[in-house]
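One chain, chain A, appears in both complexes that follow, with chain B as partner in the first and chain C in the second.
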Partner chain A sequence: MKRIAKIVGTDILRNRIVVVYTLILACLSWSVFALEDNSSKGLLTLLNIILLTVPLVSVIFSTIYIYNSQEFIELLLSQPVQRKTIWRSLFYGLSLSLSISFFIGAGLPILIFSPADIAWMMVLMGCAISIIFAALAMLSSIFTRDKARGIGIAIVLWLMFSLLFDGLLMFLSFQFAEYPIEKPMVAIVALNPIDLARILILLHLDVSAMMGQTGAIFKNFFGTHVGIATTFSILGLWVIVPYKISLKRFEQKDL
Partner chain B sequence: MGKTFRISVNSRFYIFIPVLFCYIGFTRTFVVEKNKNIGSIKKALAMCKNGDTIIVMPGTYREGNLIIDKSIYFLGKDYPVLDGQKKFEIVSIKASKVVISGFKVQHSGYATLDDPGAIKVYDGRDVIISNNILEDNFFGIYIQYGRHCVIKNNRIVAFGIEEQHIGNGIHCWKSDSLQIIGNSVSGHRDGIYFEFVTNSLIWKNTSTKNIRYGLHFMFSNNDSYISNFFKNNGAGVAVMFTHKVKMINNVFEENWGDAAYGLMLKEISDSYISGNRFKKNTTGIYMEGTSRIIVEKNVFESNGWGMKIQASCMDNEIRSNNFIGNTFDISTNGDVVLNSFNGNYWDKYQGYDLDKNNIGDVPYHPLSLFSVIVEQNPPTMLLYRSFMITLLDKSEKIAPSLTPDNFLDKTPLMHSLNL
Partner chain C sequence: MIEIENINKSFGKLKVLDNVNLSCKKGECIALIGPNACGKTTLIKSILGMVVPDSGVIKFNGHSIHKSFEYRASIGYMPQIGRYPDNMSIRGIVEMVKLIRNHKGDLDEELFEKFKLKELGNKFMRTLSGGTTQKVSATLAFLFNPEVLILDEPTAGLDPLASEILKEKVIREKEKGKLVLITSHLLSELDELITQIIFMQDGKVVFHKNTGELQVESGEEKISKAIAHILRQQQT
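Let's turn to the complex of A and B:
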């Protein structure tokens, strides 16, 4: 399995798109930190990039990659290798290489320019989002044989998590404005990995706003060790659940 | 040349000597020391007359309530301890022209009906309370019906936990022309409390870690507070129902919490706020029902909300301030704009300056759509910095539809003011 993962990983890392992705991330982060005089402002700019481009690139690239390696998968299937192993090594290769390119592109400048705890949190979240969206891509690509439809599903997933979900959340909060909705809102936010990552980073970064009226409740949950542990395990679930579902389908799929 | 000068000084001095002797001749000094002639303060207080001096030597004096009803100098040497044993009001001043200085006053009684203080002035004039250490008292220094009193360089510490079980550090009520200078207060309910106090000065005090307000101000007209430091108080500083207050060069820091404000203004008019620093507060300035206030040359830095200006405010002028690194610069709850913003520096301003006169060519809308949304519906704070919110804010900036379009600074500065 290690060998297949290694083959997949190096193949992706050599891929032109991933190299460009890394370079663009690097250009953006270095220039953001060079232009902004205070590092927290630079971090906020980067936060937007991480929450927008990283999931987009991860989900679309992974989907396309899986469709393109259809023949490679079929070749492997003709060998005495378990289906589980193939799928798992594909996932490992994808998530590892995407995390590495994120780390090299954005992680290094973040670690160099900003305070350690925020920087690590940001890097961790960037990697987590890369992995989560790689898992989601595997899910979306296993559902249909048609490449265009698969990519369509991937884009819809990205659009939903980064834009529509927040709109829905805002709509709900206005509909139920008369009720004490802080706690239910925290629960609903757990349904969106991007929101979770954003809040965790913000709590480390820009406490001033979150400390406001309702901030206290969120801080009480997300700021504590229990809250952080819960959030991380929810993020973990976001990796495991889509991956497991896709694995199950792959194992039973008639290729 | 030098010689003649010296002679003139000498001759003046000789003239004063008889005057000095007269003065000394009519007053006496009592020294209170344990196991000596005068062993108790009460005894000395009974013996003295107006203008006398009582010097208390080091030691701990548990004498219940000391009533000073003559104009005397009451001085402690090396901070003798006056202990109220948690039962008594410790020093009650019921005369004018009393000076009390150099004591450590501790453990006053607790009573909610007559509010015992460590040092309490009843209807006095020209009382000076200076250089005392007050520790663990219900009320620290309490002045009622005081006129021209000076409270200077006292250190007031208490260890209050609940608002209802602790009094105020410096409590002034129905007084006039007070000077509160260079004191430090912490751990009380309100650090400094003013009610019906007029024409007074609060200068160079430090008020930290009080349970409620660092400074609490009600119905107190024509006062100034200058160069004070307020940090980490439960709810910051509150100024209410007052007119003609001057607040200059104060520092308001780290007042965090649900209802905590750097400076809360309620029903204030004709006042002047200048040169203050608001740093790391949940809300820098909160204004409600204020009118004709000038807010200028202040720095708002790293606050959750720089200013919250409720719709009930009018004719306030906010000019030449720096707004740096606040989550929201301004927020309001209505859509009528009755206040003016001019020549401030906003770090979120993205305009340009073609004629290089340091004034941006495009007006700045300090009110973001998201701040309006959050004002209406606080839980939406959870969406802060979400991509959708950024999109909404950007489109609102270009074409204001939900926020009032005349809520703007027409002359935003390109560079921060040197404040």
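Let's turn to the complex of A and C:
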């Protein structure tokens, strides 16, 4: 298991796309902090950039990587290796290398320029988002043999979580503005890992004061230890559930 | 050694394996033959666990292979079309498989040397011709001294010299008491190798006989002719 994960991991880290991804993240982070003298403002800018690019790169790169590993998977399957081991190694390899490149590219500058607690929160969320979208990529690539369709599903997933979901949320909040929807809103937000990460970080920044009544209710929930623990468990579920479903399908798949 | 009991497999509406029952013993060299799309490769892939049958049991040395993987350590498999990661060299592939297998006993590198793969070691898999890829597949199949060899169209794409090397190797391994399972369309190629024949058609096993039996029944010397004779008989 370790051996295969290591092979996958080193293969990905040598991949040109991952190297470029790391460099771009590094450029963005260093320049954002160089432009803004207020580290809090810099973090806010960077947060928006990261929450847009990290899921996109993670989900699409992982999907393409799994499709391109088809031959590798076939080769391993004729060897005395468990199916579970192959799939798990791919997942570990992808999540680990995507997290490492996020840490090197964005994590280091964040840790250097920002106060420790919020910086670590940001790094943690970046890694969590990378892993969640790697898991979603495994799910989208197991559902269809066709590479183009698989990548299509991956892009739709990203669009949904990055843009459409927020649009839907806005629509709901305007439609039901008359009603006390703040509490259900907290529950709905759990359906989107990107929003969860965003809220958790925003509440750790001082800007949460500007978020009005919804912000206050969010703070009541997400600001507490129970809230943070719940959020982390939900993020954990966002990794485990898609991964487990894809594993189940992979164990039954004909190659 | 390998027992196959009531295996069924469908891909969508197409029934690929229809209640297949087979028993393969040590020391035999079995030819699995039949027209295109009769289920040969699916049967082989089911034995390897790459295809999961809808129903039925496959036993390896008395144990069901369902959800098991250790048994594959005793199988050397040469696929019909070997597909390998593009960005790895021949040496890289061989080293990786060695690493994954973590094989303790002796390695059989005879084919690696005879096919002169050492000189090509640094070539990437995507640059190789079909024949050279087949040579890599063959080398990997024999490398770990497996008890069972499963060769899917082994000589397709190989030049006459290489296919002769491979044939001699198969004969030597058979004499060591290994089970060899070969699929091929070229019946004439198999004459000197095989001891048993399994004939499949439309996902069913039509017959499973010793070559001697077959020759007596049909009155033909050559196996290829004997099979042709029997097929003609069946059609009429």
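Following the convention adopted for this analysis, the second predicted complex is superposed on the first by the 249 of 255 C-alpha atoms of A that agree within 3 Å, B and C clash if a C-alpha of one lies under 4 Å from a C-alpha of the other, contacts with A are read in each partner's own complex, and residues count from 1 in each chain.
We adopt the following convention: a contact is a pair of C-beta atoms (placed from the backbone, for glycine too) under 8 Å apart; a residue touches a chain by one contact, two chains touch by 3 or more.
None of these values were measured; they are calculated from a predicted model.
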Quick check on the superposition: with chain A as the shared anchor, is it clash or fit for chain B versus chain C?
fit
Touching A:75, do we find chain B (first), chain C (second), both, or neither?
second
Going by the contact rule set out at the top, does A:7 touch chain B (first), chain C (second), both, or neither?
second
Considering only the touch criterion stated at the top, classify A:254 as touching first (chain B), second (chain C), both, or neither.
second
After fitting on chain A, the minimum C-alpha spacing between chain B and chain C in angstrom comes out at 37
Over in the complex, which chain B residues touch chain A? Could you list them?
256-258, 280, 282-283, 302-305, 325-328, 373-374, 376-391
Mind pulling up the chain A residues that touch chain B in the complex?
38, 40-41, 44, 47-48, 51-52, 162-163, 166-167, 169-170, 173-174, 177, 181-182, 185-186, 189, 195, 198-199, 202, 206, 208-216, 218
Considering the complex alone, what residue numbers of chain A touch chain C?
3-4, 7, 11, 68-72, 74-83, 252-255
In their shared complex, at which residues does chain C touch chain A?
11, 45, 48-52, 69-73, 75, 77, 79, 83-87, 93, 96-97, 99-102
